[in-house]
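The next part holds the structures, each set out as C-alpha cells.
Shared between the two complexes below is chain A, which pairs with chain B and chain C, respectively.
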Partner chain A sequence: MPRIGIAGSLITALFLLLALAGDRVAPYPPAAAHYDRVLAEPSSQHWMGTDHLGRDLFSRLIAGTRTTLGLALAVAAANAALALVIGSLCGFLGGRLDAIVMRIVDATLALPGFLLAICFLGLFGGGIFHLFLFLVLTGWAQLARIIRNEISIVRHLDYITANASVGYSTGRNLFRHALPAVLPSLLILLLNTLVGDVFAIVSLSFLGLGLSPQTPEWGIVLFDARSFFLTNPWLFVFPALFIAVFTFGLHLLADGLREWLDAKKWLFPAEEVQLLTATASASGSDTA
Partner chain B sequence: MGRRLASSLLTLVIASVVSFLALELAPGNATELIIGGASREMSPEALQKIRGAQGLDRSPVSRYCLWLRSVAAGDLGVSLKTNRPISTEFKARLPVSAAIAGGALCVAIVVGLVLAIASVLQEGRPVDHAVRIVAVACHSVPAFIIGLLLIYLCSFRLGWLPLYGVGGGRGLVLPILTLGGVMGFSLARIARNTLLDAIHEEYFLAALGKGMSFRQALVRHGLRNSLTPLVTWLAMRFAGMLGGIVLIESLFSLPGMGSYILEAVFSRDYPVIQGYMVFFCAVVVAANLCGDILVRIIDPRAARVRIN
Partner chain C sequence: MKMCAGILSVALLLSACSSSRHNRDTLVIGISGSLNLGTNNPVVIQRNANVWETLTELDDSLTPRPQLAESWQVSPDGRQWTFHLRKDVQFQDGTPLSAALVVDNIRRLKAHPELDYYSTFAHLASATARDESSVELRFERPLVDLPGKVGHYFAGIFSPSAIGPDGKLRAPVGSGPYEFVESRIGQYDRVKAFERFHGGRPFFREVEFRIIPDPAVRVMSLLRGDIDVIAHHGGVPVSYVPMLKAKPEIVVASQDVAITHYLLFNCKRRPFAERDCRDKFDRMLDRNGMASTILRGSGTAAHDFMISSAVRWDRSRFSPSPDTQARPCEASQPVVLLLSQSDMSSWGYRYVADYLADYFGRAGLPIRIESLEAGAWQKAVQQGQFDLTLYPLSMPTGTPELLIRRLAFSKGMRVRGIGNSTGYSSPEVDSLFDEAVGAPNLAAQEARFNAILDLLAREKPFVPLYHERYYYAYRRGLTGIRVDPFLKLDLAAIRWERPPR
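Moving on to the complex of A and B:
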C-alpha cells in the first residue's frame, strides 16, 4: 500500500481505538464538572482547557469520538446494506424494477437531504434513532445509484455471461460473482460518505437538533462553545482539529486504497469499473 | 429534455407527497395542533365541528389534493405560533437568504476561476500548492467551523465586520465570504484539473499554433470547454449550499429562511416546517433544471449524449 494509505489507516485506526477504548485514555469522565475550573485555558492539567461547566474538553472530545463515529459508522453501514441490496438487484435484473427504483433514486438525489433532515427532526423529534433513520433515508440513494451502475456494467462482462450459460442461478451469479467485483469500489465510496455523515451529524448537533445536549459529541461540544468561543477560542479550535484530522485521515486512506487497488488490477474484472470508481469518489462527500 | 422535465416533475410530486405525509404522520393529531392543547376540554361535538371546518374529516387523498391546490396557488397555510400566513413570512425572510446564496455563488465562481487559472499558469509552484492546501483544509471541516474561525479573526480580533446581524448589508459580507470561499476553493481544484486536461487537447494546441499566448488560449478556449463540468458540479452542490446557509444564518444570527426554520423546529410550528420543505424542494428541483439547461446552452453536444 502507498505511504499515504498507511498514514491514513494509522490515523483512522487511532480514531477507531479512541471510539472503542477512549474511556481508558481520557483523563476525566466526560460529564465531570469542575466548577472551580470553569473555562480554563489549556494547561498541563487540562490539555485542551475546560468548557463553561468546567468539563475537560479533551475528555469530552474523546468520548465524543465514540458517539459521532459510532453513529456515522452505523449510518454508513445501513446505507451500504440498503444500497447493496437495491443497487445490485436493479443493476443485475434491469427491466421495469430498475426503471422504477432508479426514478425514486433520482428524486431522492434531487432533494436537499440536509434540509429534509432538519425538517424531519423538527416534525418527529430528535434522539439518536431518529437521527440515524433520517440520515439513512436521505443518504442511501447516492450509493445505490453507483452500485447499480457498476453492477449493470459487470452484468455484461464475459465471465458473468459464461456463468449464466453453464446454468448458474441468477442469485448465485449476482451474489457470488458479480457483487464481489464492486466491493472494493464500494469500500472507497463508503470512506467518502463516512466523512459526509460525520459532517451532517456534527452540523445537526451544532444547530441543537438531534442528540440530547448532555451527550458528549463533537457537534454538541461545538454547540456548547457557541456562547463562549470569542473569548475562549480553544473551545472551537480543538474540536475543529479533531474533525479535521479525522477527515484528513479518511481522505488519505481512501486515496491510498484507490491507488493500491488500481495497482492490483486483477481485483477488477473490467477497466470501466475503475473509471466509475474514479468519477464516483471525485464527487463524494458533499454535505453542508 | 422532455425526459428531464418529466423526472423533475416526478421529483416534485414525490416531494409534495413526502411533505404532506410528514405532517400527517407527525406525532400528535392535527386537531390538537390547530387548537392547541385545549382539545381535551372540548365536547366531541365541538371537536367534530372544528374538524369539519378544517376539512379534517375528509379522506387523506382529497385533503392532499386540496392542500396541493392551495400550495400551488402560493398559500402555504398559517403559522401556529404567529397566526400569520407563512408565505408573508417567507417573503420577508427570503431576500436575506437569497442574497447570501447569490453572493456565495458569485464569490465561488470568481474565486474558483481566478484561482484555477492562476494554479494552471503556476502549476507546481507555490500558488498551486497554496490553493491545494487551503482547499484541503476547507474540505476537512464543515463550512460553519470556517465561519466560526472567520468571526473570531475578522470580527472579534480585527474588528473589521459586525459580529452578528445584517448591519446594513455589512453583516452579510462574512457569511457570503465563508460559504463562497469554501466552495470557491473546491471549485478551483476541480477547474484546475479540467483545465490541465484541456491544455493537452488538440484544439488547444491548434490555438497555440495560431499564435495565441498560453494565457489567451487558456481563458478563451480551455476555460470555455471546462465550463460544463463546473456548472454540473455547482448544480450538484446547490442543495448542500442551502444546508450550509441554515448553519451560517444560525451562526451569524441573520433573519433569513434558515433561522426561520430553526425557530419553527424549536417551537414545533408544524405548518411552517411543511411549507419550508415544499418550498425548498421546489427551489432545488428548479435549480437542477436550470443547471441542465445551462449545460445544454454552453455545450450543445450534451443534449445529444444521454448518460444513464
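Moving on to the complex of A and C:
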C-alpha cells in the first residue's frame, strides 16, 4: 500500500481504538461535572480544558469518538447493504425494475438533504434512531446508483455472458461473479461516504438537531462551545481538530486504497476469465 | 508590477471587508429573528420596530402610563372606561388620531376575537366616541386592569386604511416614530423615520434590524462595526460580556427585565402528576447555585413567580436555596426535559438543562434532555409529551393573568385554542381566576390573584427558576439606548452624541 494509505490506516486505526477502548484512556468520566473548574484552560489536569459544567473536554471528545464513529459506521453499513441489494439487482436485471427504481433514486437525490434533515429532525426530534433513519433514507440512493452503474457495465462483460451461457443462475452470476468485481470500488466509495456521514452527524448535532444534548458527541461538544468560542477558543479548536484529523485520515486511506487496488485487476481476475473462456469454447459458445 | 498590483488589490479587498460601516444616518441593530410576525398576527410587526403605539404602556414597575391616551377614568363599578387621547398625533398615512379611529380599532378586535390575544374585549358591550378625543368603553362586567391590557404588545392602534375587511392588517401603519419599509426573510427588517412623529423627527433616517441568529456572530458583527447595537431576544450572551467590556469602542449595559424563566411539570404524567414529587423537586432546586454557576450574571435566582419590581405580587414564595434533606421521587426511567430549539439558543436553556440534568442525576433522578423545533415543541407540550420543560414568560399586562392562563387555568388561553401547558386543573384556581378577571376593583383583583399564586406555590404545577437579567451592547458615541421591561428600545431617543470617525 502507498505511504499515504499507510498513514491513513494508522490515523483511522487510532480513532477506532479510541472508539473501542476510549473509556480506559479517558482521564475522567465524560459526564462528570466539576463546578469548581468551569471553563478551565488546558492544563496538566485537563489537557484540553473544561466546558461550561467543568467537564473534561478530552474525555468528552474520546467518548464522542465512540458515538460519532459508531453511528457513522452503522449508517454506512446500512446504506451499503441497501445500496448493494437495490443497485446490483437493478444493474444486473435492468428492464422495468431498473427504470422504476432509478426514478426513485433520482427523486431521492433531488431532495435537498440538509434542509430535509432540519425539517425532519426538528419536527420529530433528534436521537440516535431518528438520525440513523434519516441518514439511511437519504444516503442509500447515491451508493445504489453507482453500484447499479458499475454492475450494469460488468453484466455485459464476456465472462458474465459466458457464465450465463453455461447455465449459471442469475443469483449465482450476480452475487458470486459480478458483485465481487465492484466491491473494491465500493469500499473506496464507502470510505468517502463515511466521511460524509460523520460530517452530517456532527453538523446536525451542532445545529441542535442530532443526538440528545447530553450525549458526548463531537457536534454536540462544538454546539456547547458556541457561546464561548471567542472567549474560550480551546472549546472549539480541539473538537474541530478531532474531526479534521479523522476525516483527513479517512481521505488518505481512501486515496491509498484506490492506488493499491488496481481496479482492472479486480474487475477481470485473470484465472477466472481464462477458465470461463475455456469452458465457453468447449461448449461451443461464441460469446467467450 | 503585475504582482504589486495584485497584492495591492488583495490588500484593498481585505481592508474593504474589515472596514466599519460609517453611514451615520442609518442605525443597524443586530437581532436574532425577524420582527415581522406576518399578517395573521394582530400587529404584523413587533413592538420593537417602533412602528405602532398603544393607548398606554407599562413602565419599569409594570404600571400603565400614558402613550396615545393622555389620561383615563373608570366608573365606580369598574365597567365603564373613558380614555382621553392626545391631540397632536398623526398616523404614518397622514390620518389624525381620533376617538372614532380608536373605536374602529377596538371594534376590529371585538369582531375578530382571534386577533384579541388576551381577550381584552371579550366582554365589551359598547365602544363609542364621546367627542373628538374621548373614547368611552362599556363592559358587561368590571375590567379593572384595562389600562394595563391596552398597553401590551399585541394592542397596537393602527390607521383604518391599513385594516382589511377581514380585520387583518394589510400593512402596519401606526403612529410610531418609524414607518415600516420592508422585510427580507432571513436578512433584515427595515423602517424609516416618520417625519411628522408627535415626539419630533427621529435622529436616524433609517433603522435596519439585521437578522443574525447566532449570538456569537452578532457579537463579532458589533466588534467589526457592521452593526451598531445588539438588543433583542437573547441579547449579548453573558460569556462575551467581559470581553466586550474590555473594548473601548463598545458599551455593555444590563437591565433586569420583566421576563421570568419557569420550570413546567407535566401534571398529567407520572412522576410529576403527584404534587409530592413536584414539591420535592422544587425544594431540591438550588436556584442560587444555578445563578452563580450557569447563569453567571444573566439571571437572578427567583424567589417568586414575578419579578421583584412587580411589588404587588412579590411574597417570596420560593426559597432560592435548596432543602438538602429532600430527595427526588423515584422514576422507572429517565424523565424527559423537553426544550424548544429556539429557546435553547435565544435564552441559553441548553446550559440550564445541562445543569438540571447533572444536579438531579447526582441526586438519583436521571433526566434526559430532548429538543424540538419551536412549533413541534409547542404541540408536544400541548399534547403532554414531556415531563419537564423550560418556558419564558413576561407580564405584558402588568398582572399575573397571562401566567395563570398559560400555565394553570384549566381553560387556558381563550383564543387560538391554547390550553394550559402544564395539564394542571384545579376548580379552586379556576374559580378564583374568574373572580379576579371580573373583580370590581384593583384591591379585590390583587387579593384573588395573590390567593391563586399562594395556591400555585403550594401545588407547584410550575415553579420559577430565575429572572432574566438582560445584557445589551452598542457602539460608544450612541446615546439614548435603554431597553424597557419588554426589551423594546425607544428608537426615537437614540442619536449619535459622537459619531464614529
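Rule of thumb we're sticking to: the second predicted complex is superposed on the first by the 263 of 288 C-alpha atoms of A that agree within 3 Å, B and C clash if a C-alpha of one lies under 4 Å from a C-alpha of the other, contacts with A are read in each partner's own complex, and residues count from 1 in each chain.
In the analysis below, a residue touches a chain if its C-beta (ideal position, glycine included) is under 8 Å from a C-beta of that chain, and two chains touch if they have at least 3 such contacts.
Please read these numbers as outputs of a predicted model, since none were measured by experiment.
Per the definitions stated earlier, placing chain B and chain C onto a shared chain A by superposition produces a clash between them. Comparing chain B with chain C, more residues of chain A are touched by B.
In the superposed pair of complexes, A:159 makes contact with neither chain B nor chain C. Of the two partner chains placed around the shared chain by superposition, neither chain B nor chain C is touched by A:260. Contacts of A:52 after superposition on the shared chain: chain C is touched, whereas chain B is not.
Look at A:125: by the touch rule set out above, it reaches both chain B and chain C. Of the two partner chains placed by superposition, only chain B is touched by A:106; chain C is not. When the two structures are aligned on the shared chain, A:175 is found in touch with neither chain B nor chain C.
In the superposition on chain A, A:35 makes contact with chain C only, while chain B stays out of contact range. In the superposition on chain A, contact is made by A:227 with chain C only, not with chain B. In the superposition on chain A, A:209 makes contact with both chain B and chain C. Aligning on the C-alpha atoms of chain A brings chain B into conflict with chain C at a single listed stretch, 253-261, out of 19-27, 235-243 or 253-261. Within chain A, the residues touched by chain B in the first complex and by chain C in the second are 122-125, 208-209, 226, 229-230. Every residue of chain C that touches chain A in the complex is listed here, in rising order: 214-216, 219-220, 237, 239-240, 242-243, 289, 293-294, 339, 341, 344-345, 348, 350-351, 353-355, 357-358, 361, 368-373, 375-376.
Residue ranges of chain A in contact with chain C, taken from their complex: 31, 33, 35, 38, 52-53, 122-127, 208-209, 212-214, 223-224, 226-232. Contact residues of chain B toward chain A in the complex are 7-8, 10-11, 14-15, 18, 22-23, 25-27, 136-137, 139-145, 148-149, 151-152, 156, 163, 233, 236-237, 239-240, 242-244, 246-247, 250-251, 261-262, 264-266, 268, 270, 273-274, 276-277, 280-281, 284-285, 288.
Interface of chain A with chain B (complex): residues 103-104, 106-107, 110-116, 118-125, 199, 202-203, 206-209, 222, 226, 229-230, 233, 236, 239-240, 243-244, 247-248, 251, 283, 285-288.
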